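Note sheet for the following structure.
In order of appearance the chains are A, B, C, D and E, and numbering begins at 1 in each one.
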Amino acid sequence: MTDTTPTASIPTPGASMKSPSRLSLRRIAEQPSLLVGGGIVVLMILIAIFAPLLAPHDPFVQNIAARTVPPVWYDGGSWEHILGTDQLGRDYLSRLIYGARISLFIGFAAVAIAGVIGTTLGLLGGYFGGRVDMVVTFLTTVRLSLPIILVALAIVAIFGGSVTIVVIVLGLLKWDRFAVVVRATAAQISRLDYINSAKAAGASTFYILTREVLPNLAPQLIVIATIEIASAILMEAALSFLGLGVQPPTPSWGLMISEAKNYMFFSFWLIAIPGTALALLVFAINLAGDGLRDLISPDGRG
Amino acid sequence: MGALLTVDDLRVDIATPRGTLRAVRGLTFSVNAGETLCIVGESGCGKSMTSLALMDLLPRVAKRSAATLNFADTDLSDRRKARRIRGNQMAMIFQEPMTALNPAFPIGDQLTEAYLHHKGGSRAAARARAVEMLDLVGIGSPAERLGQYPHQLSGGLRQRVMIAMALMTDPKLLIADEPTTALDVTIQAQILRLLRDLQQKLGIAVIFITHDLGLVSRIADRVMVMYAGAMVEEGTAAQIFGAPRHPYTQALIECIPQPGRTARGTPLGTIPGVVPSLVGQIEGCVFRSRCPLARRECESHVPTRGAEGHRWVCVDDAPAPALEGTTR
Amino acid sequence: AQQADNAVRFAYDQALESPDPYFTTLRLGVILGRNVWDTLVIRNLETGEFEPLLATDWTWADDETLELTLREGVTFHDGSSFDADDVVYTLSYVSDPANRIVSQQIADWIDSVEKTGDYSVRIHTKGPSPAAMEFLSSQLAIVPDGYYSGPAGATEQALPMGTGPFRFDSYSAGGEIVLARNEDYVGSEFKTPASLDRISIRTIPDQQTQIAELMSGGLDLTMGLPRDQAEMLAQMPGVAVESGETMRIVFLQIATSDESSNEALKDIRVRKALNHAIDKQAISTNLVGEGSNVINAVCFIDQFGCTEEGVTAYDYDPDTARALLAEAGYGNGLTLRLHAYRERHISEAIINYLAEVGVTVELNYMQPAAMRDAMRSASVDLAQNAWGSYSIYDLSASTPVYFGGQPDDNNRDPELIEILTEAESVMDPDARKELYATALRRIADEALAVPMFTLPVYYAGAEGLKFETYPDEILRFWEYSWQ
Amino acid sequence: MSMTPILETRNLHRRFRVSQGHFKPKATLQAVNGVDLSVQRGETLGIVGESGCGKSTLAQMLLGLLPATSGEVRLDGRPIADLRRVDFARRVQPIFQDPFSSLNPRKTLLDIVTMPLRVHAIGSRAEQEARARTLMDRVGLPAGFADRYPKELSGGQRQRVAIARALVMQPDVVICDEPTSALDASVQSQILNLLMELKADFGLTYVFISHNLSVVEHIADHVAVMYLGRVVEKAPVDAIFDAPQHPYTRALLDSVLTVAPDAGVPELALGPGFPNPLRPAPGCPFHPRCPRAFEPCSTIPPTPVPAEGRGAACHLTEMTPRGAAA
Amino acid sequence: MLIYILKRLGLAVLVALCVSVLAFALLRVQGNAASALAGEGASAEDIAIIIRTHGLDRPVVVQYLTWLANVLQGDLGTSYFFKRPVAELIVSKIGNTVILAIMSLAIALTLAVPLGVLAAVYSGSWIDRICSGISLLGQALPSFFLALCLVMLFAIHLRLLPASGAQTWQHFILPAVTLGYYITPPFMRLVRAGMIDALSNDYVRTARAKGIPSHKVVLKHALRNALVPVVGLVTVQLGLLIGGSVVIESIFALDGLGYLAYQSIGYRDFPVLQAVVLLLSLVYVVLTLLSDVVNAWLDPRLRVS
């Protein structure tokens, strides 16, 4: 174990110690991946929030006469539609901007549900161990053995595709990683002496779980959440791509790719634009997640 | 002359996000053939870094530099030459016998690995040598043990295997970094005895690293006391424990309860304050922030006093008066 | 190109549920039915007359009795010869409801079939059956005697078998189908032996994969491409595109039956509003393209009995639509479910038009079989249908399916059911026409549907493949050849 | 001596079912095996023994954190099973070994020290903090540390925080499980001094667990020596160190390496048999290593040491009269 | 060993049962099975007959048990859509999926292991950064998007490889590359993490202290220990692989299980979907079982002494 004995500079021992917040701010600044990734994600979130202000057109208004107008940098493009129009003559930039909303909302909401389920299960299993743990492990194994895309497809096919359904389905299916990691960490933490101290002080199990164990899981939770958000966004895109996710005319990026794929050989930009946006968002989230992970465990393990 | 290992101005710098951590700050010492040098000091003072630097096993973030680094007339800063010596004439054993052996291979494989690499020869010869060494460290039915995996051995046995492994190539110097800290006292005593006996029998020099002053007093020919990456005092065991010159050495000895010397239930000696940060340079005496005798002179260069036999780094030449245990 | 092999590789976008034409509603099944099997008679597409095929001669003994003389010397693909027993067996099997062929109406006019000689049969109908010849010339393929081993098309045959110009060479459910030329094909003047050696048919659900295959030379023929792709493909070297008018009509079915839970749709003002809200002409011109015509009646105009005379036409008028909706109490918006199974871009255009008059639409895009389920369980508000009438040139194959009380009827309008049922048993052509006209007018006046337009089909083939297209969307592979 | 001990154990047992790897059935491990101990108010009971002999398990049971398999722990003569968790917690508090894992890294020191008060809802928020600050001051933590996080502290400072937390509810008994083993010698002495001062100031009773005999000798009044889950010898501290009766105690004492430059490495007469807690030897569990083992040792378990008083669980001492017994 | 295997087997069976209940429930509860079976134009009587003959009117539990009993006898039911035995359908498709899975796995492993080892050995350096960049990009690029781009490049522009189908081994290249790339990042990360972990172990330092060349230390001492968790991950990844194959197979019209499943969802073909879900889950369960046993066997710590 590396001793992190605090510093006391020689001339005046016990003098100024850097405040923890300043320290971590500096460490964040030293993580280029976190800065770049986080920056892009924040930008996308802002775009999503202010979509109505930023979108130049109504993303739903079609103009069947002005279809697949190419982006401005191609011949035949115009500043009226910077990224052109889609197969129904809707402004592509506006749809892209609104699409960020869908992707991010689904990512965050699904992971919020998954996080609550997984964290609760993992906490209980890890903390109590024994039978409870067996049940949690069992549930996780069952969940892991289900082919997730297939089950998601099936459920969406049965209940119909909509943002809500997709969120719920992904939320109910993607909790495994939370459960696994939280369980392992909670099991580790609950063996630590500060948990024993709290028990010895007479604290209730609820108090211990929520106040002593949970806060220490926060870093891991954030890291898993970023990974899972990225993966949920991709999964929504895949579902929509297969026509079983969000339904038109909702401008989901996956759906845009799906609709544009028929035009890919003739108007490649139609698929390239949402494809790039999606890859960029997922890349940024993963990059930020990696940065966060490094921030939390600087030796780059796990 | 005659020194097996000569180290002059050894430094280990570690790049950290907060700056360069100077883990070892210009150590100069030597080890003679067949003698036991104990390096003692508190946690984090650079003992392990020193030993790893000698073996060229430092983590990648750490950089080593030295004016002289000679082992039996070989310059260890020449990495190619050093590699031929490491694991061959110079062997090392570590603190954690639990984790220092690879769980995936039987101990026979691990014992013979270095031998086959450095000495060549047949597998059978290597195994015969391994049996011999296991027998030497007092492990019963050694031939059968070769097929066993580390997890099948108890902590004490594993440490014996580690020692046997180090002795396979007939080294001249053995570096032991806290080899008994993880063991129970009774087993520690047995392992120490074993080391002592082997050393006498084989005439190997040992660098023994520990923070346990009691242990040091029992096995050392010479003792080097480290503080914050630097040597503060060096001498024979009798000198260090009988007439310590450096205030830190004195204070350290006062801290441990000693039956007969410290009365039961009475306050023990303490060293107030905390260890200084190792990031960056420390001007003057490294111990002055905690030294009860510190004064202005300590802030500038402090000379090494005494002769080859007993050296200490302090502004005071005269033996310091024994420190009174200052309780808080 | 597969010119060297004298073969054609064709792709279809949906998996075939069964290779037997009686047990699939899919267009590909109809196509296979014509290429692998023969019917008793065949329609001459130029004259519209019925001509001999497996039957050389036929006469109506009376309104309810049809006598046929069969061709001699015809063999099935396994070498067994064709005779009256096969016809009796086939028609008896398919007309027995217990055997559950998928579209019972093609055979339920048959009461019984009797063998009158080795090569002659007599068909007794249940009543006057004006469409009998139509069915005999299209869907009623003849299988060998004892072909089925149970109901629902169960057979013990390794491969399906008929007398047609092609035989099955291999079949993998949902996978590749290979047809080989029937060397012993007899046919008739109107259905001749094939010139191609092999046809391979693959299921490729994604249009862009089909296009990719076409462009990379992995495919020789595909059909059903949307206009945009077809037009752009036409400019690619090595690919030839043809468009063909079809009988296929697109319309929105509006659920108004008692079982339907949506009260809004039971209000005629809402239904009229829907009719006014959608710019069919714009969709037809821009999205569907050449060969598409706007329709006002739910039938194909060339079908016997189909007419637009006196049928109300709703023009595109969003303001009126909004006003009607407001009047009906839905000024603040209305949410409807739309079910669709093909032409999703059209669905989307419809959704956007409806959105403009304040109707929010939830799209349920699904496979045809699934949509059929939904429709039959009355859990559909609007259904976007693209109906091809099994290529039958008679209105009985279209309007009654959706308004005549059959399972897919989501209106269950008693008056319409009565009119349409009556029309099916009237032999007099004029009387039938009049009944059909009445029905079509009622449908329009009540705005029970949103008729939209006909759907042309775009075919894309490798250059050098000679093929002709027909409005009935049937690929007559036996006529195809490489130049 | 007739006073009710503040804390005592009666024939305390604790078994664990342990897996021996995937391929073997589970085995039973007797971590604590019939321990009878008692601590009088105001005294310090030292417990020593080698790694794995059950010291921590015993501590956990004394703290009520681990239920006993059989036997009981009594506080003021009442079985702690009858006490409410919170009431017991007010009177018995722990200090653990590892200063790194005993503080929640996500909480400020003030939060850590006030935690017990908050759990028990003692006083207002301000009162809780005032009390915590007083104690932090008392254990020698600089005033500015209240808002810091554990990671900024050295091991010794952390241990001070742990002590403040243990004392904030003014308990009667403090169970110290190796409170200084993880510390450097110079810091260890600070903590030991602090513990001794606090004991005097607050009238505390300590159960002090350690494997460092010098430390125990320095701080304890009575010492119990454990081997494989059993107490093999118990006596006042002088008696143990001056005249150990059990061969194991003697071996333990012999292996202590005090500062004595000329003494050399002690020669232990112990046999090589390493104790396996899963398969303790029959009879006296120590007999395979015992230099003085004789015939009954391998079959007959020696009489356990009684709760009150002193003695050794050894066939050798059974033959000679016990010291001033209960 | 036997006890362990039996225990593990028991757990696997329990998991499989649970999965079977889910598979059954998920798909049986919803949707009108009878009318799907009856086909177009079926009358109410037809449907009634089907309900009776297929036992759809019996309690769900009974239906489940009957189904399970049939499944155990290898009777997976009859496809509603294709009207053929499901087992037959699956047998005819599984080959393609297995080929695809093996090829993808091979591609992924040949990429992931060396890259992961490199990244770990040079962790923190630019090599590590390049490797993690590759893995990040791999994770970010939606597999279907990549598939389309590959088709565009290799099938259309270069005309090197077929765009779809499963007729020859060339047909498998594009799908396998897509799928392999899709699962490479998690492999690589695990190898890297495992290697960093293994390299930081004391025994690696011991090996170094013996003066053994570092490539030997890395490959012999570290990799051996780092690969143990990879064996486990391979099974987890197979699940991902099969999930991914649904998307990939349908894009490439590759006539395998994933594609069959995707089709059967569209057709509400419950018996097929049930069977595929069950089969894939069982494959997962069996593989984890095997990998657990193999791992236990590999890891001497767990072996019988």
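Going forward, a contact is a pair of C-beta atoms (placed from the backbone, for glycine too) under 8 Å apart; a residue touches a chain by one contact, two chains touch by 3 or more.
Molecules present, by chain and UniProt name: A, E = ABC transporter permease; B, D = ABC transporter ATP-binding protein.
This is a predicted model, so every value here is computed, not measured.
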{"item": "Steps needed, at minimum, to go from subunit B to subunit D via contacts", "value": "1"}
{"item": "Between C-E and B-E, the pair joined by more C-beta contacts", "value": "C-E"}
{"item": "Cα-centroid distance, subunit A (ABC transporter permease) relative to subunit C, in whole angstrom", "value": "46"}
{"item": "Centroid spacing, where centroids are CA-atom means, of subunit B and subunit C in whole angstrom", "value": "90"}
{"item": "Geometric centre distance via CA averages, subunit D-subunit C, whole Å", "value": "88"}
{"item": "Centroid distance [mean C-alpha coordinates] between subunit E (ABC transporter permease) and subunit D, Å", "value": "52"}
{"item": "Per-residue multi-chain contacts in subunit C, two or more chains", "value": "206, 208, 212, 215, 366, 370"}
{"item": "Sites on subunit D at which at least two other chains make contact", "value": "154-155"}
{"item": "Set of subunit A (ABC transporter permease) residues in contact with two or more other chains", "value": "3, 5-6, 14, 157, 261, 264-265"}
{"item": "Residue numbers on subunit A (ABC transporter permease) that touch subunit E (ABC transporter permease), as the complex places them", "value": "138, 141-142, 144-151, 153-155, 157-159, 230, 234, 237-238, 241-242, 244, 254, 257, 261, 264-265, 268, 271, 275, 278-280, 282-283, 286-287, 290, 299-302"}
{"item": "Of subunit B, residues touching subunit E (ABC transporter permease) in the complex", "value": "55, 57, 60, 83-88, 91-92, 94, 96, 99-106, 110, 113-114, 117-118, 148-149, 151-152, 162, 165"}
{"item": "Touching residues on subunit D, where the partner in the complex is subunit B", "value": "50-51, 140, 154-157, 184-186, 188-190, 192-194, 196-197, 211, 213-215, 217-219, 237, 241, 251-252, 254-268, 270, 272, 274"}
{"item": "Complex contacts: residues of subunit A (ABC transporter permease) adjacent to subunit D", "value": "1, 3-6, 14, 17, 20, 192-194, 196-204, 207, 212, 215-216, 218"}
{"item": "Subunit C partner contacts - residues on subunit E (ABC transporter permease) that touch it in the complex", "value": "31-32, 35-36, 38-43, 46, 79, 81-84, 89, 92-93, 148, 151-152, 155-156, 159, 162-165, 167, 250-253, 255, 259-260, 263, 266-268"}
